[in-house]
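Next come two complexes built around chain A: one with chain B, the other with chain C.
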Partner chain A sequence: METLVTLLLALPIAGFGATALVGRRLGRQAFWLPVGAIVTAWAVGMVVAFSALTGQPPFTGEHGQGFGFSLYRWIPAGDFTVDLGLYVDNLTAALLIVVCTVGMLVHVYSIGYMEHDPGYWRFFAYLNLFMFSMLLLVLADNFLVLFVAWELVGLCSYLLIGFWYKRRSAALAAKKAFIVNRVGDLGFSLGIFAVWTTVGTLNFQDAFRGLDQKIAAGALEPWMVTGIALLIFTGAVGKSAQFPLHVWLPDAMEGPTPVSALIHAATMVNAGVYMVARANPIFAQAPEAMVVVAGVGIFTAILAASIAFTQNDIKRVLAYSTLSQLGYMFAGLGVGAFTAAIFHLVTHGFFKGLLFLGSGSVIHAVHEEQDMRKMGGLARRIPWTYATMLVGSLAMAGIPPLAGFFSKDEILGSAFRNGFLVVWAVGFVVAGMSAFYMFRMMGLTFWGESRVDPHVAAKIHESPWSMRVPLVLLAAATVVIGALLGWPLEGGTIHAWLDPLFEPARELLGLEHEAFGGLDVALVLASVAMATLGLAGAVRLFGAGAGRFRWPARLADRDALVASVPGARFLYRASVNKWWFDDLYHLLFVVIGGRAGAALRWFDERIVDGSVNGIATVTVAAGRGLRVIQTGRVQNYAMGIALGLVALTLAYLAGLFR
Partner chain B sequence: MNGVPILSLVTFVPLLGAVLIAFIPRGHVRLIRYGALAASLAAFALSLAALADFDPGASGFQFVEQWDWIPAFGIRYKLGIDGISLALVVLTTLLTWISILASFGPIRERVKEYMISFLVLEVGMIGVFVALDLFLFYVFWEIVLVPMYLIIGIWGGANRIYATIKFVLYTLVGSLLMLVAILATAFAWQAGHGGDWTGAFDYEQLRGYAFDGTLQTLAFGAFFLAFAIKVPMFPFHTWLPDAHVEAPTAGSVILAGVLLKLGGYGFIRYSLPLFPDAAHAWAPAIIVLSVIAIVYGAIVALVQPDFKKLVAYSSVSHMGFVTLGIFVFQPQALEGAIVQMVGHGLITGALFLCVGVLYERTHDRELAKMGGLAEPVPLYAATLGFFALASLGLPGLAGFVGEFLVLLGTWAVNPPVAAISAGVVILSATYLLWMFQRVAFGELSDFLRGLGQHLTDMSPVELLTLSPLVALTVVFGLFPALILELLHGPVATILARTGGGLDLLGLVR
Partner chain C sequence: MSGSLDAYLLLAGALFSIGVFGFLARRNAIAMLMSIELMLNAVNLAIVTFGAFVPALTTHASVIALMVMAVAAGEATVGLAIVIAIFRNRRTPLVDEYDAMRE
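After this line comes the complex of A and B, so read on.
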């Protein structure tokens, strides 16, 4: 098993190295090495994951105990040591399934999608580096290796968002993503320091045990545990783009679409969710921190959903929906529904990966156009894309029996049962909103009349097989995976896999294991009804059936509609302007920060350096002045000596030297 | 290797090279260049031999050589190294040959004098790290000043005279006071030993001696000024940007890569063990200054329009981590400070080389004029990007481990100080990525397009200077144990002498 896990990491990094070295010379053939490496890694990853999930040796420990080993001792500094250690348990396995599968399909998809790009080899090199980093992230057995991988996926995200570096907007978005993430990473690193100073180790299992012991012995104040949990959570807020650090993800859509699918929907942005789930023993000891997690999550869910309502860029709609769904996951974690949150991570990884790849296929078809106002009526022109995206949208809307339904309803149900009624209520509303904006997107893109540029319209074409196959496979997964893992609700396979892992945390939080009952049926029916309502509203507004719902088909009418409702105008503007967060941050950090920097520079040049030069000036002037008394006459010097003696004597008598 | 005076060889082989070069007629430029390269490579090879023969497990100094020099005052020629000095010696010999190689293209005037200056500079730098006699240490310390003065003053930029005089006067103020302090400690030793001068300048003797409080305070102050100016700490840093901007590329590499480390080394070797009480008394103030340097350097770097000044101010910020790590008196932090010195030497040295590569082609350093280099010169852009990422502390590269350990150790004694300092990772990411975007991304700027054929990617020589730094930045990032294993012993010794556990706010549990 050591060999397999090591191989899992070695394959993508070798693919990266080989492609970086020789990729440029391979031209259009550059994809063979990196894609081959990832396909092989996928096979290895599946073997590792299912060995863990089915309890094959060496995964025979109790309570989801995993299997870990160390590659080598990375940092030995006195009593602080960190190994490059790897660890696989069922949680890792669940993540491996998503990362390897979506990663592999995105690689295959990119063969076609990036075909005409001059940076073909560079793209695959970066993708391989990302796969290595992401796999290291889920395999890490301690906080510091997790942090390393955390930064490395951030680096890959930076490189891939800025892949088309000539575009200023891409370069700026890449930088923004990295810097905003660093804000979160700051908190994360402080959390790591705090863990080490508290328990003296960074290894996950040892640290969790140590913390429990310290708390049991009364050696830790509760606020300290809460503090550690919140610091770690700050990192998750950055990486998973939760409020108030959510601003980087929509801009990240500047990257090529396969990148958006892989990094900014299916894998990297989930890292925060994974980390909080991994650190569940810490969070379970800090119920206040759990409330914060739930609050931030559900607030992000509704904030992002409200913005997604009015976006016209197809990828930005998906980006905001990703924020919103990640918010659901954090809400799930916060209310103690760890398994449901990870379940949602898995299903979301598949259906959102599908949706992004589908949007890429759309963009490809209409010649790099992303504005949905210049789409419409594409359903018949690109039927494969349409059909698969429809599956994805239905899944995302939470329509049974597709993937999103099972996982989302488990989160909402747990929120209700665990007493987080506000979380449930907001989540319930967001379910309707999600269905609405997803089908607004479908309507604007695929239904109604074509608004495509006439020059382009003639050349619309369905994507090549290398892009269609991943779409179909992901659609198939989206159809089956919910029921496969989640049926029956609260008792499906995913619970068999993950519940033992989270059992101690549940006990600590005092959460009961309840069978799926009558109340849950009511909740499920309510949220399905809500989703259907949103879906139906969108379908009506954005015109399915080519003209049967003419009212109000024209954009101007919708504007009039918005204007006629009191308050709606403000909400509409707020949504279009993304609640002005970007403007606020620009003012705070770019404008005011820039002024502060300029002021400090002035201080440095005038005051600090000015006083240095001032001393020099004074010295030179003093030298010129003192030259006057340098007379060369012995009498004058004798006089000076005499005066000095008198002065010293007087000073002595006055007691200055005692 | 018993009996071979390896340290003397490392130290004086460059001098031998300088003397030989002095006999080469100035017209034979190639011979002079390769001669200097050979001498510096010989020193590098010898330092590697010392490294190979070094026993990290043994306590105390190794390869010790001593002869009487001025017996009347107990002054001896005494050399020896521990893991700390060894790491810095190897860094010095590495960066020196890289710098000499990097000077092949840019330096075309007075090549002979230049190469001689550089080799003499190397003698001084290595000498500082290997000297175990305070008088000898002082001599080497001042030797460094002269060739650097010439390198900036003769081969520097337009405003070189101002910069070099500022550099020398500023440094001299500190070092003369240090000389007074060295003499004062020697007199105090002699007075305490019934007038016997034996051992009055011997580091190993002095560090076991308890100087009285007043002397400690004054002498620590004098040493502090010398080292703080060299590091440089806020507010003694303003000579640095001027010196960097005016210095030729190789001068900047050595300045950032080694000269700044002399200050950090001085604190660790002398200030802490010789004057432990004063060090504790002064530590809170020094920590505050370090934090100011960390934050202030980063903010000022953020608004620099000049490529080289940006890197220079980033040095102020990065070196702040070194002084912070030293003065919290905590093992992880102190080891981190030394790792940070090595990492900063490699990475910032490389960044200055990158600035030089661009300057060679454009004769300009204004960031606003750059842009879009990723396409015409991809190799250069990739190298610059690599070192920008290393400098902002990307884990897996050499810049991360030092900073992390310093902050970890600082957090253990004072979380707020660690939190403020750690916050700078956001600023360093901002100015470095801004710089990189400015230089490499976007469309090719009009200014650069105007260069036409002159805008070439890195030459083989430039590649040769930067590739070892790339390799080592990766190696030390992945295997920091290679340095750390050298440090456990000496760091424990120093902290045992100094006493640990600085507790500014009473937060230690």
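After this line comes the complex of A and C, so read on.
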């Protein structure tokens, strides 16, 4: 098992190294090495994941215990030792399934999608590096290795967002993502310091055990635990793009679409959710921090959903829906529904990866056009993409029996049962909103009249097989994975896998497993009804001419509806302008922060440097002035002596020395 | 002993002042050396005057005066030698054209 897990890391990094070294010379054939490495890694990952989940030796399969080992002692410094340790348990396994599968399919998809790009080999090298980093992130057995992997995925994200670095907007978006993430990472690293100073170890299992003992012994104030939890959560907020650090993710859509699918939908942005789930023993000791997690999550969910309503860029709609769904996951974590949150992570990874890859296929078909106002009526032209994206959208909307339905309803149900009624209510509204904006997107893209530029319209084509196959496979996964893992609700396979892991935390929080009852059925029916409502509304407003069902285009209706609702104009403007967050941050950090920076710079240059330089200037000036006295003529000096003598004599006579 | 201490001291002071004036005002290096001699002699005069007027200082004053003479002789020798050396280099006895000390 050690060999397999090591291989899991070695394959992508070897693929990265090989591609980086010789990829340029391979030209269009550069994909063989990296894709081969990832396909092999996928097979290895599946073996590892399923032996963990089914409890094959060396996994005991009991109490969520995992299997860990150390590759080598990384930092031996007295009391402080850090191993490059790897750890696999059921939580890791669940993540491995998503990361490996989506990663593998995205690699295959990229063969076709990036075909005409001059940076072909560079793209695959970065993707391999990302896979290595992401796998290291989920396999890490201590905070420091996790942090290193955390930064590595951040680096890959930066490199890949700015992949088309000649485009100014891409370079700026990459920089924005990197800088906003630093804010979160600052909190995260402070949290890690705090863990080290309180328990003296960074290994997950030891640290959690040590923390529990300290708390039991009363050696740790409750506010300190809350502080540690909140600091760690700050890192998750940055990486998973939650409010108020959510601004980088929509801009990250400047990267190539496979990157958006892999990094900014299915894997890296989930790292925050994974990390909070991994640190669940800390959060369980700090119920206040849990409330913050739930609050931030559900607020992000509704905020992002409201923005997704009016975006016209197909990828931005998906980006905001990713934010919204990540918000759901954090809400799930916050209310103590750890299993449901990870379940949603898994299903979301699949269906959002599918949707992004589908949007890439659409963009490919209409010649790099992302504006949905220049699409429409594409359903007949690109049927494979249409069918698979329809599956993804239905899953996203939460229509049974697709993936999104199971996981989302588990989160909402847990929120309700665990007493977080506000979280449930907001989540319930967001369920309807999600269905609405997803089908607005589908309507604008695939249905109705074609608004494609005439010279492009003739050349619309379905994507090559290398892109279609991943779409179909992901669609198939989206169809089955929800029912496979989540049925019956609150008692599915995913619960058998993950519940033992989170049991201590749930006990600590005083949450009990309740049988799935009538209340839950009512909740599920309500949320499905809500989703259907949103879906139907979107279809009615945007679904003109959907296949056989021909609706009259009801633009007039749409405008009348908007005009009839009080405050709608304001909400519309707020949504279009993303609630002015970018403008607010521009004002706060670029304008005001820039002014403050300029003022500090002035202070530094004029006052701090100025005082030092001033002393030097005065000395130089004094020297220059006194230089006049040094004439080199002996009589001038003698005059000085004589005057001094006269002065002394006069002073003596005046009685100064007496 | 005729006269008073003041007269001798006034004479010494006058000689010294003439020496100082000469040293400051003359441009010729030889004349400046002569002015130095004048000042030294003025000081010597003051010393022997005190030796004559103050009984306790009699022996001391003679010794100091002899010493000053010896120093004056040495100074004159070295000074002249330097002046001649400079004169050979610069071809001028005028000190205001000597500015090597500036560097």
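Methods note: the second predicted complex is superposed on the first by the 598 of 658 C-alpha atoms of A that agree within 3 Å, B and C clash if a C-alpha of one lies under 4 Å from a C-alpha of the other, contacts with A are read in each partner's own complex, and residues count from 1 in each chain.
Just so it is clear, a residue touches a chain if its C-beta (ideal position, glycine included) is under 8 Å from a C-beta of that chain, and two chains touch if they have at least 3 such contacts.
Quantities reported herein were computed from a predicted structural model and do not represent experimental measurements.
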| item | value |
| --- | --- |
| Which superposed partner A:633 touches (first chain B, second chain C, both, neither) | second |
| First, second, both or neither for A:32, with chain B first and chain C second | neither |
| Dominant toucher of chain A (residue count), chain B or chain C | B |
| First, second, both or neither for A:580, with chain B first and chain C second | neither |
| First (chain B), second (chain C), both or neither touched by A:50 | neither |
| Touching partner for A:642 - first (chain B), second (chain C), both, neither | second |
| Partner chain in contact with A:223 - chain B first, chain C second, else both or neither | neither |
| Touching partner for A:465 - first (chain B), second (chain C), both, neither | neither |
| Chain A residues contacted in one complex by chain B, in the other by chain C | none |
| Of chain A, residues touching chain C in the complex | 630-635, 638-639, 642 |
| In the complex, chain C residues that touch chain A | 20, 23-24, 32, 95-96, 98-103 |
| Contacting residues of chain A [partner chain B, same complex] | 73-80, 144, 147-148, 151-152, 155, 158, 162, 165-166, 168, 171-172, 174-175, 178-179, 182-183, 185-186, 189-190, 192-194, 196-197, 593-594, 596-598, 600-601, 604, 608-609, 612, 616 |
| Residue ranges of chain B in contact with chain A within the complex | 166, 169-170, 234-235, 237-239, 296, 299-300, 302-304, 331-332, 335-336, 372, 374-375, 389, 394-396, 400-401, 404-405, 407-408, 411-412, 415, 418-419, 422-423, 425-426, 429-430, 433-434, 437, 440-443, 478-481, 484-485, 488, 491-492, 509 |
